[in-house]
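Below, each structure is written out as structure tokens.
Each of the next two complexes has chain A plus one other chain: chain B in the first, chain C in the second.
Let's turn to the complex of A and B:
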């Protein structure tokens, strides 16, 4: 009897509150005075604002649902026995010297990173796309740096990246590439030459989807991305670094739907280079990177 | 009151040079002071308070419905402000992505235009069409053909018994090819 009574009492309270207050916390306080403004006239928020991902990414889901398992299967190399330990080579500097004790001390002849075999196949080490870099160079920009404005706006439209956008400190946005060397009559150090942008995360996959759905199928006379022949060595730095690169002609720029919408806004058309940086490393890493990209319907063709 | 005094004293001590003997007193170790840390590694682990600011704006993205040439659709977010885009050339009808779809096209062409088609039209009534011409249909001795088939089967039996052995594995295809007589080889390849 007493137990029933004890149960009944709080029930009544809950029923009384249920209709009135659904929210588990208190309502936001009423705004009595406007936010303070900083030196630029922008309101100073009460909290740190950061814009996170707002929607599912189609190709990212595709990778984690389908491509990853297939790649694991396609690139699997069975190694029943443990690998032989690496040959001990004499380090370049005396390891007993206190100066070189905690410093980089490669073996004599270099560390030969491109000659190293890939990591053993493992489910947590499947090749994954890390970032996509787009870049272009415009010769006219050496004389008139304002020529770079068109490429900057085009890259911003294509990539959707902006510096520090939404409070993300790592979003670098579109960057200007400056000359490094001094070549007589052409380049001087510090002269803006071109534009580049690094894409990571969902924006990277969005760009890849746009490239495959809109640009590559509509390119005229596109034979696919031509691969080098089978006799090419697999331990060169380009073949072992896991990066797949190709270029798009100037006509391809107008095929991006983001550019196509207001093509007149861009005074000049230009080509761009695309680098797909993957996590594949070691001998033959570029082939594994190609296998990954063909999972996203990027077409490759034999030479 | 005493607490307040302790705070002010601590802040004063922080400003004063560290040679003062007061700093060594244990009573000051629990007073909270922002300028002095008990960490031997300094204050690099303490997040510096900066003025909050409104973040930079993001590039606006709009949902866009894409209709492919075969009628399949999907919606993606893009900086293009068009709400619907209809593709006429895409991965569903570009031959580069649909190599398997366009494989059979050449056969019809052959029948109409190419040399094999012309040959078939010219020798239409000769028992066979395209590549399935029965070359032995008009041969004079039917019994001779049957005898040849029997001989072939016998040859096969002997051959397999010799190569496979008693429960052993068959030898590689290359050696089979090398040993087999010419007409069996041609039958296999067809």
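Let's turn to the complex of A and C:
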């Protein structure tokens, strides 16, 4: 029986053809009616073309086949009784005032979102990685904004993102971060300071795989992302928002394979901040986010 | 890793099976009425605890009823090693979107990555042209097919490991290399709670003053040997099996057994059963487990095991 079973399932496995294109080798159909052109002279397609997944994502598979189940068991909190309802607090503004009628009217002292307990454990509410944000700031860019060209190219190479990529409105690509405040002698509003990029979907998992397999193992004297001690409060905004952040030194940039191939094309090396944004919310969310990331072999170290 | 799990074990009767959930609810009710009684999972040998807090009978605790027997079992999992092979539909979908992407992507800044006129650039351009042809087709594609097999070897590229291993070909169910795309689970051939020789997950009893997850770890080592590294995922059990009692159980005062399942991963090594109690073992997929195990046992584990 076992022999049959062993043979049965891999029948689907067509190993030799797995990565091959299966398109019939027919030429594209002839265009009879020419497409309309836009202002730049480029053809406008009849439909909105959006590029979806072009390959099976390895880490995404790993999440849905292994990590998700484990996380559900690890983060399960048994609550046999219904929760106590939240204490009703007086709203900040008079609710009978017509001015406040359809306006945001938080309870006195704010809505205290970071103090709220997490949602009850449920199989469809397991922590998931939503996006990764890369971010860097360069002080020299305040004087010479061309200094940001190197970081922009490096971020484009690392992330593979570009604005409106694949016909997606929401793909913002590499963005320039500008100053908001006016600090005398340093920064003024609207001055380009740094660069950031948001990664989502397969590109996010590709970046995570690169980071974990190529960069972190080759980083010298890297103990892991250092966690705060056990005495740290779990209801601060940073601990309850479900984001894990850490920084990479300038030396780490040259360890990314996309940068490594032509390192001398970049005039200057720089460090970057990485934020892993997860769906965990509520008290102690950062711990659940760490549990998720360690499922992708991101190393953590005790302080 | 495990966030905020208490050292003691008072809230540890989560269960995924439907009957287990109802048992849980009864358990909670019992706690509500008799808060001073120790929980069944905390400290029990068949001889110790005063009343059965987790018997499935809804009747209030009867002093003449036998004490329940608590056992811990481990569902030892070998996670998939390979990405799942896409189906024909998925491959067509991916190929279609790969072509759209190729048609629309921003121009590659080759002067940024390559020196003008370098060998590397020439090689890249040539390969890129071939990829373009493969994506958008043409009469030359069919002719080109035989070439890359020999040329890639000649370049010294490493050949990838085969997706079908020796263990798949020979049907060796003891090998951890088999079925790289699937979740495998360890099944042992040995005596179950009635003394019958059956296929089952590794399990064992609970000692006095021992926590359930510690018992699971100890029992796994006792049945499978010390020659493997494992990691028990959570301190909470993930399911429970209550074997049906025979009809004359009340007359003979037979105790109800509760078998709590824990999930674990194998990280290295292999099972080495001692040969006395455990005579055989197998690493099986969910579909292969079903015909081997008892129907009641299957009903309580089938939702825990992964379909892939």
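By definition in this document, the second predicted complex is superposed on the first by the 262 of 303 C-alpha atoms of A that agree within 3 Å, B and C clash if a C-alpha of one lies under 4 Å from a C-alpha of the other, contacts with A are read in each partner's own complex, and residues count from 1 in each chain.
Here is the rule we go by: a contact is a pair of C-beta atoms (placed from the backbone, for glycine too) under 8 Å apart; a residue touches a chain by one contact, two chains touch by 3 or more.
Treat the numbers as computed from the prediction; the structure is a model and nothing was measured.
**Student:** A:75 in the overlay: touching chain B, chain C, both, or neither? Say first, second, both or neither.
**Tutor:** It touches chain C, and chain B stays clear.
**Student:** For A:261, using the defined touch cut-off, is the partner it touches chain B, chain C, both, or neither? Pick first, second, both or neither.
**Tutor:** both
**Student:** Which partner does A:206 contact after superposing on A: first (chain B), second (chain C), both, neither?
**Tutor:** first
**Student:** Examine A:287 and indicate which partner it touches, taking first as chain B and second as chain C; both and neither are also allowed.
**Tutor:** The second partner, chain C, only.
**Student:** Have a look and say if chain B or chain C is in touch with more residues of chain A.
**Tutor:** Partner with more touched residues of chain A: C.
**Student:** Which of the two partners, first being chain B and second being chain C, lies in contact with A:297: first, second, both, or neither?
**Tutor:** The answer is first: A:297 touches chain B but not chain C.
**Student:** Look at A:167 in the shared chain and tell me whether it touches chain B only, chain C only, both, or neither; answer first, second, both or neither.
**Tutor:** The answer is both, since A:167 touches chain B and chain C.
**Student:** Report for A:214: first if it touches chain B alone, second if chain C alone, otherwise both or neither.
**Tutor:** first
**Student:** Is A:44 touching the first partner chain B, the second partner chain C, both, or neither of them?
**Tutor:** Only chain B is touched by A:44; chain C is not.
**Student:** Based on the superposed arrangement, let me know which partner A:222 touches: chain B (first), chain C (second), both, or neither?
**Tutor:** Touch partner of A:222: chain B, not chain C.
**Student:** Starting from the residues of chain A touching chain B, keep only those that also touch chain C in the other complex, and list them.
**Tutor:** Overlap of chain B and chain C footprints on chain A: residues 49, 51, 54-55, 58, 162, 165-167, 261.
**Student:** With touch defined as at the start, can you tell me which chain C residues reach chain A in the complex?
**Tutor:** Contacts found on chain C: 1-4, 11-14, 24-25, 27-28, 31, 79-80, 83-88, 90-101, 104, 106, 112-114, 134-139, 141-142, 162-164, 167-168, 170-173, 178-179, 181-183, 233-234, 236, 238, 263, 265, 282, 284-285, 287-288, 291, 306, 308.
**Student:** Using the touch rule from the top, collect the residues of chain A that touch chain B in their complex.
**Tutor:** My answer: residues 38, 42-51, 54-55, 58, 156-158, 160-168, 206, 209-210, 212-214, 217-218, 222-224, 257-258, 260-261, 297, 299, 301.
**Student:** Sort out for me which residues of chain B touch chain A in the complex.
**Tutor:** By the definition above, chain B touches chain A via 51-59, 61, 64, 66, 68, 74, 76-82, 85, 87, 89-91, 94, 96-97.
**Student:** If we count contacts the way the header does, which residues on chain A are in touch with chain C in the complex?
**Tutor:** Residue list for chain A touching chain C: 1-7, 9-10, 12-15, 18, 21-28, 49, 51-56, 58, 61-62, 65-66, 69-70, 73-78, 80-81, 153, 162, 165-167, 261-262, 265, 284, 287-288, 290-291, 294.
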